[in-house]
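Look for chain A in each of the two complexes below; its partner is chain B in the first and chain C in the second.
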Partner chain A sequence: MTGFIYPNEVEINWGLFIVLYPYLTGLVAGAFIVSSLYHVFGVTKLKPVSRLALISALAVLLVAPMALTSHLGKPLRAFNLMWTPNPMSAMAGFGYIYSFYLIIVLLEIWFMYRKDLVEWAATKEGWLGKVYNILTLGAKDISEKALHTDHKIVTFLAILGIPSAAFLHGYVGFIFGAIKANPWWSTPLMPVIFLLSAIVSGVALLIVIYAVTCKIRGKKIDFDCLMTMNKYLWVFLIFAFVLEVLEVIHMAYEAEEEWPAVKGLITSVIPFSYFVVQLGEMVLAFFLLLVARFRSIPKATAQFLTILSGVMILISVLAMRFNVVVGGQLVSKSLSGYSKFNWPIWHEGIIPTAGFMVLPFVLLTVLVLLLPPWVGEEEPALKPARRGAFEPEEEESDKPLLQQVWERLAHGLSWSGVRRGD
Partner chain B sequence: MKKEISRRAFIVSTCKILAAGVLMPAGGLAVLEKASFAENGSEVTDWRKVWEGKEWGFVVDTHKCIGCARCVKACKQENHVPLDKEVYRTWVERYRETALGVEIDSPNGGLDFPPLEETTGKQFFVPKLCNQCKNAPCVQVCPVGATYRTGDGVILVDDKRCVGCRYCIQACPYGARFLHPETHVADKCTWCYHRVMKGMEPACVTVCPVGARKFGNLNEHSEVREIIETERVRGLKPEKGTKPMVFYIGLDEVVM
Partner chain C sequence: MDKWTGGESPFFQRAYVRVGMLLLGVLVVFGTVRQLSIPPSFGEYGRYRGDSIGENVARKVSFALGSDDCKKCHQNVFQLVMQAEHKGMDCQSCHGPAVNHVSNPASGAPKVKGDEELCGSCHRQIAGRTEELITTVMPLWHSGGVECGKCHDPHQPRNAIGGRTL
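Right, the complex of A and B next:
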């Protein structure tokens, strides 16, 4: 604590879980938009990640409300938001918007996988086959006509999903931006800033997930696909950076009564996480992504730079969420001092927060094993028709350990087996 | 043998299951609701009658306050706010003008003020409490409608409905709200509504030894109304558009 804060401001009311929530929904919105770039805007180079994007979005989406609910003083009353909403509250729409979006994502995934589900249900043995059978929900028509309808529905859901994803996250920005009591939050730019940083973080997440899954599976990274994500990340990064800086420059230039307090916040309370981690990493990533696209750069270096930028952006956006959520509360509403954030360990602290950050990846692993999303690779694997039978077993021993484990895990769920039937 | 279910039978049974799923918890809730009404005494108060002709107002005379913080202590005791926790329904701030600028403090809400020192500069105390704003941001943002403004102008929190999201705490420009450390729901000054309902004054008003805090009905001929009509008063942070109902006499420009 420095200067004067109101006596009730000793406690930081919105802690790490609330930092996490906009971070997670941001990743969801961004990942969804990548999948829509393929399904709606026909960016075919993104095909290898189109399903992975949607599955990742679902994995993160399922965890997001856990962080939020755990933060409540009365978590068991969470559903009051849906039973007795106050229509004037910016927060009351949360349950509906979230549920609506979740339904869209689930439906899109279901229609996208329906054909595969039917095939898996027919070919897989034991309980796994039963699980797939249940997942088909009894809709087993995979005639050309039915699949065509599926495709149309997926496209429609992807289109509907774009404004929904934008709304889900822009809305989170509004929750902060509409608080006139807080000078660091209160700006109409907030929803847009949140949305752009969301897209940026979502693309970065996909770059990293794609690279990591390729590494684990011992597959080659599709260079065109990665570079397409590089391009989109770079473009959205420019917009995100400009808006984030614009907000502060505008505040500094107008220099109203709250500016000295905000200036003190970014220059002496959170200078490292603001200027170095949030903004510095964005600038650095901007250059690295650009350099990676130079013709003279070797492919391996270009890949490395793109993935590195992805990781940097993921950290940068997390810092941005922290700087907004916690940073905003550090400025006393008396504009005369700053509260102190004591990093808690257990109660809404670092350890459960880390848990909520790992959980989406656990879910993602389960989902990926259950619903393999590697679409781009299916066609070439199909060409040498019944090749699966000739796969020499001993080949495995040359593969890296992680890959062996992965393949062992994926064996029971292997999608290539389906093709033997037809 | 495959058992065929007709579409009609399927729809009917689905509807039955759905209806059962909805009605059973609803019925349970209704029973619980009744039980909770019974607990609170079966009489249903006609609040419109209670509120009729009343609009409460509060006046703070900063010239009079001596910073004894009896109000802070009385408030905590009256309203079950833990004395050892840094949460306050009301508090007292001290302003001292020095060569370096204005120094503000409120150690432990004013309970731990050190004895005053002689200075040449201006120094004064400002008691703070919930402003029961006419246009209250806390009421606006509450996602579940747990916080509301009564017909006679006091903002209350329904502790059975509050989910503890703390959006209201963020929205209050005055720092008047906090999460109660024991109940885990939002809490704040109610101008001692429970006392006012019994015809008493808020605890802080009663204990103030110098009469710096005044409370009364603005719709009747009261001291509070007379002060507002005859003296130069203002509320805190008028630029926020909240229309605060605590009126300060002698409020200095530096007070935020």
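Right, the complex of A and C next:
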């Protein structure tokens, strides 16, 4: 504690569990966007991770509210939000926004796996076969026509899922950005900053999960797929970094009465986790990702650099969540003092937090065993059904990256759709 | 699976119908549980349980009206307190709820223990509680574990043995 603080600012009420909440929902939103790049925007090189992305999103999505309800102390009280939500409260919306998104993800996964579920239900023995049988919900029609309908529904859900994912995580940013009493939080940029860092962290998570699962399964990493994720991570990283820095520069240039307090926060209270871990790692990852795409770099080095950048971004975004959530509470409302964050061990502390960070991977392992996301490896690839003349596959590697992104955005609505087989 | 190939399956066996029915079931369960969970009087006056007002009105009062009630009998103590630092405080802040004692003095006076827990709730040195606002101590360093009331008279806290004279 330094300077003057009010007595009710001694304790940091939103601790590590609340740091986890935007971190985990961010990973979900980011992973979902990666799967959408394949299913909606036709980035075929992402095929090896398209299902893995959705399964990872689900695994993390299931853990995100656990951290929140554990923070409540009395988890069952969370249901009061669902029974009688106050329409004037942003926080009261969480239960409904989250449930809506969970349903979208579950539906998309179900329709995507339906053909496989029916086949597994018919071929697997014992209780596992029974589980698959229940999971089919008794819809066993896998005729060409039925699968075509499934496919149309998956595309629709993937399209609907993009604004939903953006809304879920933008909403998390809104909760912080709308707290006008807190100078470090209160900015309309907050939802956008959260959303972009979410996408960045989600792509990074997928790079790491993909690399680790390839290692575990003894498969070779699909270089094109990894480099495509490298590209998207790099582009989103630029936007995320620019917005995060822009917000602070804007505050500094305006130099309103809260700026000295915020300046003190980032220069003397959390300088390491802000400048080194959050921003420093972003800058370093930016260069590493760029170097990895040089033609003269050997493939193994490029892979290593990309995966290393993924790990760094994951740590960087976690630090960003910490700097926002805890950092914002360290600044006294008197604007002339700082509270101190004592790292707790048990109660909302390091050990249960680590548990909540490991849990998604335990769930992911179970989900991956139950719904293997690499069933299509030996089958012919999903070919995007394109309408119009735009053919990204051949041109992808030659055109400058930003031009490709622009073309995808421009053509995105006109050639959305992926059809199995053909 | 043969019987499905080529033809279209019956309406209730189509995938989207099945999953739609499941969703509908979830919605119905949610709606039912929600209806059962909302107290009947919720929203009567505002976004809270209307009955809670009546329930609170019906609760037994435990606090007397204030120091004026105490003054009627305890003139001497009252005058002492009014000369010293604690003059702004209500008797019941330290002595506890006293409505029984006021309505029936024979029922026994509310007892108070002048220990570190009671005095410390205001005078313990913590972050954000500065010396300019209130006298603070680290109780164990200050008294070595001796109860505050052994040295200080809470009615005139600075006049007794360990205190500084005004």
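In this section, the second predicted complex is superposed on the first by the 375 of 422 C-alpha atoms of A that agree within 3 Å, B and C clash if a C-alpha of one lies under 4 Å from a C-alpha of the other, contacts with A are read in each partner's own complex, and residues count from 1 in each chain.
In this section, a residue touches a chain if its C-beta (ideal position, glycine included) is under 8 Å from a C-beta of that chain, and two chains touch if they have at least 3 such contacts.
These figures come from a predicted structure and were not determined experimentally.
Chemist: Record, for the superposition on chain A, whether partners chain B and chain C clash or fit.
Modeler: clash
Chemist: Just to be sure I read the superposition right, which of the two partners does A:K333 touch: chain B = first, chain C = second, or both, or neither?
Modeler: After superposing on A, A:K333 lies in contact with chain B but is clear of chain C.
Chemist: For A:I216, is the partner it touches chain B (first), chain C (second), both, or none of the two (neither)?
Modeler: neither
Chemist: Which partner does A:L370 reach: the first (chain B), the second (chain C), both, or neither?
Modeler: Touch partners of A:L370: none, neither chain B nor chain C.
Chemist: Tell me which partner A:K145 touches in the superposition: chain B (first), chain C (second), both or neither.
Modeler: Once the two structures are laid over each other on A, A:K145 reaches chain C alone.
Chemist: Have a look at where A:T84 lands relative to chain B and chain C in the superposition and call it first, second, both or neither.
Modeler: both
Chemist: Which holds for A:L137: it touches chain B only (first), chain C only (second), both, or neither?
Modeler: second
Chemist: Applying the document's definition of touch, where does A:V235 land relative to chain B and chain C: first, second, both, or neither?
Modeler: In the superposed model, A:V235 contacts neither chain B nor chain C.
Chemist: Look at A:P7 in the shared chain and tell me whether it touches chain B only, chain C only, both, or neither; answer first, second, both or neither.
Modeler: After superposition on chain A, A:P7 lies in contact with both partners, chain B and chain C.
Chemist: According to the stated criteria, A:I103 is in contact with first (chain B), second (chain C), both, or neither; which is it?
Modeler: The answer is second: A:I103 touches chain C but not chain B.
Chemist: Could you name the one stretch of chain C listed in 95-103, 131-139 or 149-157 that collides with chain B in the superposition?
Modeler: Residues of chain C that run into chain B: 131-139.
Chemist: Taking the stated contact definition, name every residue in chain A that is touched by chain B in one complex and by chain C in the other, in rising order.
Modeler: Shared contact residues on chain A: 4-10, 84, 86.
Chemist: List the residues on chain A that touch chain C in their complex, please.
Modeler: 1, 4-10, 79, 82-84, 86, 103, 107, 110-111, 114, 118, 122, 137-143, 145-146, 149-150, 153, 339-340
Chemist: Can you tell me which positions in chain A touch chain B when the two form their complex?
Modeler: Interface residues on chain A, with respect to chain B: 3-11, 13-14, 71-74, 77-78, 80-81, 84-86, 88-92, 94, 175, 179-182, 329, 332-337.
Chemist: Going by the contact rule set out above, which residues of chain C touch chain A in the complex?
Modeler: 1, 4-9, 13-19, 22-23, 30, 34, 37-38, 42-43, 47, 126-130
Chemist: For a test of understanding, state which residues of chain B touch chain A in their complex under the given definition.
Modeler: Contact set of chain B toward chain A: 86-88, 91, 93, 103-106, 108-110, 128, 137, 139-146, 161-167, 169-179, 184-186, 240-241, 256.
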